[in-house]
Structure formats: C-alpha cells, structure tokens
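Next come two complexes built around chain A: one with chain B, the other with chain C.
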Partner chain A sequence: MMDEGTELSLTIAQIVQRLKATNLHSQIERQAKECLHRPEIQLESLKEDVRNFLKASGWERKLQNAVYRELHVQPLPRHPAAPPEHAKEPLAYMRKAQVNWEKRILKSLNSMCTELGVPLARKRPAVEQKELTNKWNEMGTDEPDLSRFRPVYAPKDFLEVLISLRNPNHDSSEEASAKSHWGLIQVPLHDRDIPQMREAYSELSLTTGQLGIDDHTHVPPDLFESEHILIGKKVVNEQDSAAAQQYSRQGCPTGLRADLWALVLNSTNEPEDVMHYEQLKAGVIHHDLLVDNLIYKDVKLTASNDDYYFVFEDFLYQVLLCFSRDTAVLEHFSYNSATPPKSYIQGKVGVEEFAVVYPPNGVIPFHGFSMYVAPLCFLYNEPSKLYSVFREMYVRYFFRLHSVSSSTSGIVSLCLQFERLLQTHLPQLFYHLREIGAQPLRIAFKWMVRAFSGYLSTDQLLLLWDRILGYDSLEIVAVLAAAVFAFRAENLMEVTSLTSAEAVLADLSTLKVMPLIQIFLFATVI
Partner chain B sequence: MSKNKTAGYKGPHGYQKRKEGDGRSCVRYKCGLTNTIQDVLRQRPGWMEVKDDGEWDFNWCDVGWLRENFDHSYMEEHVRICHFRNHYELTRKNLMVKNLKRYRKTLEREAGRIEAAKCDFFPRTFELPSEYHLFVEEFKRSPGSTWIMKPVARSQGKGIFLFQKLKDIMDWKKDGSRSEEQRDETQVESYVAQRYIENPYLISGRKFDLRVYVLVTSYIPLKAWLYRDGFARFSSTRFSLTSIDDQYVHLTNVAVQKTAPDYDPEKGCKWQMQQLRRYLTARHGTETIEALFKDVDNIFVRSLQSVQKVIINDKHCFELYGYDILLDQDLKPWLIEVNASPSLTASSQEDYEMKCCLLEDTLHIVDMEGRLTGREKRVGGYDLMWNDGPVYREDVNLETLGSACFTANTHLGCVNDRKKQLRQLLKPFPGKKRI
Partner chain C sequence: MSVNTVPCTVKPTVTLQIGDAETDSSRPGVYVIDVTLPIGQTVNIQEISFKNYYTAYVSVRLLRRDGEGAARWATCLRNHCLMPSPHTEEGSQDYCSVYRQQMLIEPDNVTSVRLILRQPSSAWLNFSVEDIKIHPCLNEDSEWDIPDWLSDLTQVDQLCDLQGLPDPQTVSSSIQQMWALTEVMQTNQTTASIGRFDVDGCYDINLLSFT
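Up next is the complex of A and B:
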C-alpha cells in the first residue's frame, strides 16, 4: 500500500502534468515573462516578486481554481500494480455488468442502423451544410421524420440491469428476514446512515440558514438572506472556486447563481473555449451522425413538451449535437466505469490505431438525456458558455447516473441508499408498498436518473443542484427521493396498486425540496 | 357584523336594504360570459344567479351589454358592475394614445421635460386616416423602419399587419383631392399606425409579451390594485424581421398562435410571470430586474392617470384590465395595449386555476359581502398599487417619514401565497359559523 505522502506526490505530479498541457499554463508563463518589465520586479528577489505579481493580478487564483478543478476529476487512487480498469471501477463484477450492458446498447444501435439503412456517420453534401448553417439558431423548426428512430434505451431498461446485479462473493442464500434488504438492489455496497449524513451535511441543519427555506416571504431578509447575498457577491468578486463550492451548500441567490456555478465548475468562456465550441459546431455542419436523430427525438419528446423548457429547444440542439462530437469528453472515461463504443476499420479489429470511437464523445444518449441540459438554459444563454457548463456537469456528475459502478455518487449506490433509508426509517410504508407490488425504486428511479430534472419546478431543481455542486456528490438526490416518499407516506399507505402509487407521486411540481431534505435528515427520530 | 364605514363604501342602509329585500344575505348576480367567471360566481357562497330581467346586485357583463343598457339602468347604491361607462378611453388604441399624448403635454408644461419623459413608454403612434400627414412626416424621418397597423376596435390580433412601405397603406391616405362622395363611399376602418419595436427581448430566439392584470375600483380618487400573477406569451416561431408577413412570428396573442400550423395546444406557449421574473433575474441580476419592474409599475400608474379626468367615475363601477407589455433588448418596457375584457377562457389547467384565483380575489376586493375595512394593502394575490397616491410596503408614519427608502407595494411575478393571506384577512362568509 502506498503511504499518504507518496499518494500525495503522485497526485501532485499528475495534476502538474495535466495543467502543463493547458492554455492557462502558457498564459501564466507569458504573464510571468511580461511582468519582468515592471519596476517592482527586482533581480535580487525575482522569484518572490513574480509570485507576488501573479497573486495580485489574479493569476494565482485562476491557477488555484484550475488545480481545484483537477482534484474533482481525478481517477480513484490505486495501487501502482493494479491494472488501469481499477481506476474506472475497482469491483470486477460491476465492470463485467457494465461491459455487458454496453454490448447490449451497441447491439441495439447497430441493429437500428442496419434496419433503417442509415449510416452511423455521413458527410453532408454542400447544399445541406449551407442549409444547416442558416438554420443553426432555429433547428427546432425542422420537422424531420423521426418515427422510425427509437431511443436506444430508456431508464427502465437500465433499472432491470441494476436489479440483476449480484456480487458473486456475497452469500445471499439466507432466508428473507428483517435484516435482509427488501428492495430491488441486491448488492452490498457501503452507504451512509442518517447520523453520518447529519455530520456530512451540517450546513443543511435546522439551525443553519438556507436558501429554499429562509428566503421565504415571511422570513425577514435581515435574518439570513441579505447577509448571504452579500457574501455571495464577495465570493464572485474574489473568483474563488473553493469558496463558491462551500457557499453553494446553503443555496445560490438567483441573481448570482450563473456566476457561482461557473466558478464551482471552473467553467470559463475564454476565446479558446469559444473557438473550441465553434470547431464542434463546424463538425456538426460537416457530418451527420446517427445519434443526431436520437437527440432530435429525445428533445422533441421530452424538453419540447415541458411547460417551461419548450422555449429552449433550439439551445438544446446546439449543445447536444456539439457534445456528441467533443472528443475532449473522452478524458472522463479514465474514471468512468463505462468505456466508449469502438468500431474498427475493416480488417483491423482489435488494432488500437484503427479504432474509431462512436459517437466521437463516446456517450450514447438515451431517452431523457436532454433534461440534463434544459435547466442550465435558465442560467446561460450564450451557447459556448452553456456548453462549457454542461460539459463539466456531465463529466463530474451526470455520467454516474447511467453507468454501473460502485461509486458513492453512482446510480447503484443512490438506489441502494434510497431503499435503505426507506427501509430503516419508513419500514411500515416500505413493507406495504412491497406487498402491493409497488417497489418504491420502480417509481423513484426515473427521478434519480435525471437528478429530478423535469419533475421538480425549475427554481426548486436549481436549489437541489446547488447542493449537488456544493457537496460534490449526488447523494442528496437519493435523500430527496426518500424524503418525498416520507412526505407522501400517509397517502401512499392507502393505495393498493403500483398504478395508484404512481399517481400519488406523479406530480412533484409543488414540492419545496429544502424543507423536505432538512426534515428528513435532521428531524427524523433515529 | 360591525365594519368601518369609510367614505365611498356601501352605507349601512344599502347593506340592510339588500338583506331586507331578499330576506336572505345573498348576492344576486348576472353574468354575460360563459367561461371561468361563471364557475367562480357559481361557487361563491351566498351568490345566486338571476336570469333575464331579474333584479341584480352584481353584473359581470360584456362591453356590448354595457353599451346598450348602462344608460338605462338605475343602480342602487350597493350594486356593482364590472365596467366603467367610457372605458374605451383607455382601451381603444386610438383613444388611449390620444389621452396619453395629451397627458404628456400637460406634464411637460406643468412639471418639465424629465417628468414628461416618464410617459415615453408607448411607441410613436398615429391614428389613420385622420393623422395621415403627421404620420408620413414621421415615417420619412426614419427610413427603413417597420410599422404595425392595428384596427382600433378589434381584438385577438385580428386585422393586424406590418408594413415598411407607404404603398401598403394607401387605403388610409387622407387625401384632400378626393371628392366628398368618394370619401363617403370608401369609408375605411379607423386604424393606428405604430412604430414597430424591432429589437424585442428574445428568449432563445423567441419573442414574447407580458399579460398583467390591474384592477381599478375608482378613478377619482384613483385606486388601483396589481395582481401578482400574470404570464408571458411566447410566439411559437423564431423572431426575424425578414418575414414581416408571417404574423405568427410577430403577434403573440394566444388567439393568433392557436391558428399557427405548428401550434401544439399540449405544449402551451406561456410562462407564468414568476418563471419569467426568475429567468430575468438569473440573467441580469436582482437590481436590474427590480428597476425593470418599477418601470412597469410606472406604465400602469401613468396610463391610468392619463384618463383619470376623462373616465366617468361611478362608484358602482370597477374594472379588471389586461395590460399587454413588451420588453425590448435594453430591458425597457413598452405599453402595447390595455384590454377592458381580458380573456377569461383558460388555455390549460394551470391557466384555469390562475384565472379562478384572479377572479375570486377580484370579487373579494369588490367586497359585496362587506368583509373588508377599506384599509387593506393586500387582498389575496392583489397588492394595492395606488390609492390617491403611491402605496408603499413600509408603513409611513412620523418615525419612518425621514427615511429615504420606500419601496412600492407591488409584487408582480413574486410569490403569491394568497390562500394564507386570505385566511388571515377575511372573516368567514355571512351565514357561516365563525371559527
């Protein structure tokens, strides 16, 4: 085993390596060179003076933010002798399940491709390219015939895969008892109980001010809100990622949220980001991908039918079509249990140099995928900025919601966490629902896969996502799912079928998430 | 059942008379419409519909009925009707502009240019054919501009079109050379030509306008309430000046949008005001948007002040106006028009509930049941915006008089926790047991 010191040095070395390749590095280098002309830089104290200059001019802060960002996307630390797959997913049976799932998706995609006679990728003729360029800002007006395309999979298909997960080393032959798990997920992963979460989420406690609770109309703003907003403005002025993350735990004020999230995600809109986006756009213009149709279909079926997100239809195409072509996204597969689908040039199967990732970003969209982007349209309306924020959200959090892994933020853990919380604190309800054939996870799964997007009202959703960013974890999504069941427990005890249970929980648009979470975590008798 | 008998309020005799006359504490209402208002009236405890020529205490009529019957109706003191006799001074496009222009001139004379500039919330407008020559002067001053023609008396987007060339409006040319007979024969409908706002604020490429509800219970003195809810109506296609013939792009009335080929009623093309306010705040920051809504308040107050002396004030009358406001890219609000009969037909379940609450609260303020003291600053979703002077959130008394900071008592697009507020405010309906 590595000791802490070695681990740290390794991490530092990795981060330095990654940052050396970035534009920030060359910018800082240039700044350092140029500042030599300044009068306050003395030869005797060169190193000190340059450092001080970089600090005063804000470059040190930018570097700090970049390092902080890298820490978020570090693969899990692993023993040097462990194979690289372990960084993606340490548990062998999870890896296997993910591989099998991917095979199924790919098969489905390939068969659709053959059935419809549509190529996976095709270069657009010049006329079509011109047309698309003209229509770039209003792709939603297009009405292509999408009836033949089916989503590659829906969340409920994925749920079946998770339900069938088994750890071969775990003896699950014991008789069902009070100690056994009543839910659908039957893998023994570690998760936190309420006392542990009370410590971890201390900023959400009953005695701490929150946006989503203490900014309510009849709470005088002097008690919390005004002060919180002032602090928020300071954080934005300081341009400090770490501070922004800590701050978000108590919620982001509407007027500051866009800036704060960009800070937490270290999402910049520098010329090189804009250029990168323009290149992706050019990629969309030149080539048509099969997955584009899946994206169109998804947007038309979900976001366009939403009462509030319908307005942003065009933005969704502009983001998702570019996302499919962004090979920078491939980096996240080093810590994602998933592996991007590869196809090989004819006759060279298995030879890596002749492998092509499809789609270029390795992510095959599924039904509801566009809902990851829709809420962000509320905050950003410059396509390159919106794109930059979404991509970072995806490679930090959203990817975990549709891949099989043992990560604490992964969907498997969230499902297990949800079921365990319910079984521990609402056993009567859980038992009742089980008896009537309404396993709670069957209802809550679709909420969690989308991190509640499209189920909560937008302002509530953004308050939830504030905390996802603030705590750098999706765990709160599972807590909210359990809290919703707790809130509707009385009505749920009366139902006698899965359908009626679904009906009780069909409309979450009036829920206030923070009181629900707060009460569940801090007022539940344990 | 004691209540404050403030001036202008139903006197004790009026109330008792009603009770004696019916032998029951009930309100007899007449309703000329068959949409949401019918449901709201029917569900109100103690209210009974009268048919045909029966005597009524309350009348929710349409403007046609008003025109034919108002002058011949004798109304007892307690009786209420939902329109002012000559509301069209505010709601007909040509008259509204005439009154605003006159008011602006008066302001400039009496209070100077800066004060008068606060009335610059309507685009340059001319009535045709009467102001044709003035219009042509303005038209020539801004070459390449786009103008919109609207019939003065029609609604729901009918008859509206855009133009950029004078030849498109030859029919409205006021030409002294035409003979008397010619002019009589070809009588054209009165239109207004208005400078088209070419840089509307767009959300994701789409144009929208705002529908806001203002309730006026008296013009002299002016007493006006602003409803917190409202909505933004989106055009279902993307905005572009190149297609001025495409009325689906430019007109945002739901009535017009419903006929557009890609209209999907399930989709809906409205956002609640709260949603819009949150979106704008997220994009531009709290202070900027608070300033915007302050400018919007200014539109309501000034437009009402401009017709204050013209409207025949009548204590029997109240009126619920639907204001249409357009934002431009500089976040300046523009007044498009004022509707005396805003549509009460619901386009969705959410819309239905909003309109029910709006109408219920309207009836609470009209207060046939005598439950209010007359000193309230808020009733349900309505905030008192103007009461013979600006109304502030803070209580103005000797102590606070010195402080410079007063905020207007308006909450457009803010949280509407009306049920809670009503529970605290209202006594139960007469006839019901007190809790």
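Up next is the complex of A and C:
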C-alpha cells in the first residue's frame, strides 16, 4: 500500500543489492574495463560508448535476464510495519497451521532417528568417502537396507491437514446456501472463474496455435508448427528470458525445450555453476545425512518403478543428494510460508553459535519428491545443468505444492480452484461423487501435489510444464485436474464407490492435456 | 515513511446498525473508530498506518481546527478498498497506510481522526483494524541550537599566510575522496553466502529442535 514511486525505488534497490553479490556483476565490470582498449570507446562519450558496447556484446541482455529472474522470486515490498513472517504468509491462521504441520514432521523425523539409532547427520569416515566417490555415477546399483526407513509423510497426510484448515473468523454456520461449498477445502480464498481465465490464458484459446494440438500428424506443419519452431530458434538466439517465457505459453518444440526452459529460469551452466555443483557433491561425500536414506527410499519406490523414469535413477540421486546440501535454497524461505528445521551440533542445544539448519537446504523430502526431478532428466544430461534447472523450478514453483499458504499458486488455492470449477461446471457429477463417498479432491490431490508428474505420459507432462513456466503459475494444474474429471464424467456418473471412481481415473497415460484444457476453458458453456 | 508516531487514544469501536443492537440477530456491517489526540494538541498528518482485520472498505474523516479555533469535520478518504473481493481472504490481514498525498483535503491541524469501517460480506464473524498509528509530518525547517564554539571558528577567507602548510581546500577535498571510497567499499559488501552448512567442519546432529 505504499505509493508507487517509493515501491519502485525500493524494488530497484533490492534487486541491485542482490545482483551485486553475483558473478554476473563482476563479469560485467571486467568486460567494461576490458572494452576501454577498444577503438570505438571515446573519452568524451565514455559512459554512452561503454553502455553501447555492453548492449552489442549481449551483456545487457544477460543483465536483463538476471533482473527478470529476480522479479520472479522477489517477495512483494513489505509495509514497514509488517514483520518478516507476514511476507512469508499474510494470514495468521495459515501460519499457525504450517507451524503445527512442521512440528509433526520434525517429531516424526526425531522418532525415526531414536528408534533406528541413526544420527541425523554424521561425518563419513575416509574409507566410506572414497567408496562413494568411486560409486558416484552408479549409486543406483547400491542396494542398502532401507526397510527400516519410512517416508516422513505422504501426500494424503498433508491433504488431511489442508482439509482441517479453518479460518476462526469465518462464518461457517451449517445452513445450506448459494455459497455452500461441497468440497473438502473450507477456506475462503480467492480464485478465478472461467471468464477470467479465458482472458488470462488467451494464448490457449481455440483460435490460437498450440503445441500439443496443432502439431498433430494430420495437421499440415505450415499451418502453425514450422513458423512456431522458427520463432523459437530466434528466441534462443536472442537469449531473452522474457521472450522465452511468453513463447512457452504456446508450447516448446522438443528440440528447443531444454534451451528455452533454461532461458526462462535464467539457469546458466557457467564454470561457477559447475563449481558450485562440485562443492555440493563434496558436501555429500563428506557427510552422511538421514534424509539421504529417505531420498534413496523415495527414488526406489517411485521413479525406479516407473516405466519412463527408471533409467534416470542414478541422475536422481546425483541431483537430490546435492539439493539437500545446497544452502542457496534457504533464500526462498523469505517468501515460503515454511521454515527450515533447526538443530544444534554437538548437543549444544540453545547455543546459537552451534545452531545449524537441517538438512542444509531446509527441505525435508516426502514420498514422491523425486518425481519433481524425473521429467527434467529427459531434457538435460549434464548433472550440473540438470541440477541448476531443477533448483530454480523448486524455488519458483514446486515448494508451493507442499506448504500451507494462501498464495494463488499454493496447493490450498489449487485444491479450492479445482473443487470450485467442478462444482460450478459439473454440479451433477460433483454431487453424485459426494453421495457415493468419493470426494473428487481425494482422487485429484495426488496429481496436483506432483504437478501430474508420473501420471501423464512424459511428452504430455512436458507440454503442461511449458505452460506452468509460460504463465508463471501452477493454476493450470488445477484446471487440468477439473478437465480430466470433465472428460471422464460419463464413466464417473456410473460408478458407485470411491474405489471404482479411482479405477476410472487410475490411468491418465493416454490423455492429451492441451485439448482437454482448451475445451474446458474455451468450450464450456457458461 | 516516518517511524515516529503521535501518542493518541483509540476509542472503543462504535457499531452503526439499523434496529436494536441487542435483539437484532444479524451482525453489523459498519464500525466507527475515533482516534483522538490529547486535548489542545493538533497534528499535521503525514501518514495513518494500521493493520487490517477483515475490513473491506475504510473511510477517513478528520476533525480539523481552523484559524479561528473552530473545529470542523471533513472527509479525507472515501471508501478506500482494502479487500478487492470482500467474501475472500485477499487483503484481509494486510498492513496498510494512508498517505497525505492520497487524501482529499489537507490533513493539517487535526485534533481527531474517525475511521469508518465497512464490511458488506456476511462471511466474517468480526472485522476491525488494529495498531492504528498516526505519523506526523517531519519538520524540515526547525531551528537547531548551535553551540557557541561553532560560531567562534575562523572564516576560511580570513586565513592568513599558510607558511608551507598544504592548502586546506585540497586537503579537505582529498579527505572527502577517501571518505567516498570507504563508503563505496562498504556498500559493495556482498550478501552472498559462502555455502558452508557445517560449523568448523562439524555437522554431527542428533535431534531436531522445536523452537
């Protein structure tokens, strides 16, 4: 609520402060110094000439991309009276719910520790370190005994927490009224209806070309596909983040997707990124963490059992183990409603000099976490690049899928959005499912928590994630969930139990996501 | 945004309702909060800040004392929207400020502020605003007391022959340059972390703690 001028100055000051700390800053400085030798740089017009040089050599574009990235992850400027937790989550009852949920997770982890007699973290002896270094590229061949470990929580536990969320100031008297909500989520968050979404997602309309629809074999490529690929190549050549994001809204061609996503996320693979990855790898070699076992177990239970992803098992370990050691991830907690777990080394509880974050990146993996990484393995085969892209996707999007918050991309909003779309546009179906004890969210939740990873075929999933990046929001996931129910509505009207409803929706691997979304958003009668 | 605030009393909320307050079963949709300054004091308001609690719209009226000493009420903000969608959570618990520039009239010589809160939605059990603070204008042209010894300093142009000492102008400008350099060094301090998660190589942890 500050006036616009002050807000803008504050934002600029914050971004400048953050960028000064990056390698890009020193690189540009070095370039500016070195260009002074060039003949076209005149002393009289020094500032202008240096700026023109930086523009022509592409450094200004890199700076633009870096600023654009900062704008994505910067929390909104805070009111001076607002405490930091308000930036994480403005609603007090949601903060409380998140804190209670975290306490449950910590207790669960602690009890696993004490039961199994395994420390949360320990330094590896030299022999073990050497062994791990040798085995780094084939950790999947290891078959450690993971039977005693269990995942800290599964999505359905988290769903119960969301179902029990209540605003103490909300009038939830039991009288049925026009605004009665039939679903499981009972918090009054704002969501968009179909007319509003038609405006917001105008690039997905029936009259606009899409990858996932207009690149079908029987559509001549001249109509859309060839032109779209040409534009894509131009965008990659220009190295423009903002253009890449806009372009992704209509889908990324398979051959250009890796470069385009890296552009949108401003994910570089410079020597310092590779070095950072090696530093994380060293962290994995030196210390053994309990969460490593949770990661192993998760990969073995999910990705390794999946027909599409089992080949990437080794990559997944290489990414996820390093992810746990990355303290750079801690930055995102300023806009995440979650708080990283804390501990004290050497038993010195309460002594702040011995306080550490556990795991180092503050993120405790849950059952299915590795599915956030698995689809990316189709795009990147260099571990440091894969890691860089995954980390950026996590701190921009995926973290919202497993924390309690009022954000429009948060899982609570997605669940509510899904239920409201269903109730508004498929009321007969919703009512029927409710009556037979098959609340739709109980089936759709697991899809949304994973952003459909592992449920759709990979090419379809990547088309969906193109739009998540393009629109910088997870809302499309809720729309797809509703669209799937709309697609299978006829079959679902016939079922008489939750199990049979689940059976109808068990296999989504044949679905084509873009036609479903397009029809639901643009062909639904309202 | 000034940190200093003016001490004032916030009176208890008054409900505006049609019908009998006790027997009427529906909840009020309008509340009025009066904020008064100590008797005799007036303030030139720079900013009014508060924390919202499910209020959808706020109007602000000011009781100003004019030249002759008479006090008149005037509206300085009409139906300012705090919650874009009164049935839903957006903006419901935000920290807000109303600035001098947004006000319809000059908020000078104010003795009392009246906040009229409206919440048309029946979805909420209660609504109000909390932590109301009034920030006065900073006085830019206030006179400071200058200590005597400052005025005893010699004027620059009265200086006599330097006798081999460097020119004070060049000395002062080079000292200024050095100071500017130290400022630049300070502001260039990086906020990047080193990335170490252990403390002196040690990361032996047994249990997580709940704070």
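Here is the rule we go by: the second predicted complex is superposed on the first by the 512 of 526 C-alpha atoms of A that agree within 3 Å, B and C clash if a C-alpha of one lies under 4 Å from a C-alpha of the other, contacts with A are read in each partner's own complex, and residues count from 1 in each chain.
In this text, a contact is a pair of C-beta atoms (placed from the backbone, for glycine too) under 8 Å apart; a residue touches a chain by one contact, two chains touch by 3 or more.
In this text, all values refer to a predicted model and were calculated from it rather than measured experimentally.
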Dominant toucher of chain A (residue count), chain B or chain C: C
Contacts of A:Glu475 with chain B and chain C, given as first, second, both or neither: neither
Contacts of A:Asp292 with chain B and chain C, given as first, second, both or neither: neither
Partner chain(s) touched by A:Cys377 [first = chain B, second = chain C, both, neither]: first
Touching partner for A:Cys113 - first (chain B), second (chain C), both, neither: second
Partner chain in contact with A:Ser304 - chain B first, chain C second, else both or neither: first
First, second, both or neither for A:Thr141, with chain B first and chain C second: first
Partner chain in contact with A:Asp466 - chain B first, chain C second, else both or neither: neither
Which of chain B and chain C A:Lys20 touches, first, second, both or neither: second
Chain C residues within the chain A interface of the complex: 1, 3, 49, 51, 53-54, 84-85, 87-90, 92-97, 99, 101-102, 122-127, 131, 133, 188, 190-193, 195-199, 201-211
Residue ranges of chain A touching chain C (in the complex, touch as defined): 1-3, 6, 17-18, 20-22, 78-82, 86, 90-92, 103, 106-107, 109-110, 113-114, 119-123, 167, 169-171, 179, 187-191, 276, 279, 283, 287, 325-328, 341-347, 349, 353-354, 356-358, 360, 406
Of all residues in chain B, those that touch chain A in their complex: 203-206, 234, 237-238, 262, 266-269, 271, 275, 278-279, 281-287, 289, 350, 414-415, 417
Of chain A, residues touching chain B in the complex: 137-138, 140-141, 143, 216-217, 229, 253-258, 304-305, 307-308, 310-315, 377-379, 381, 458-459
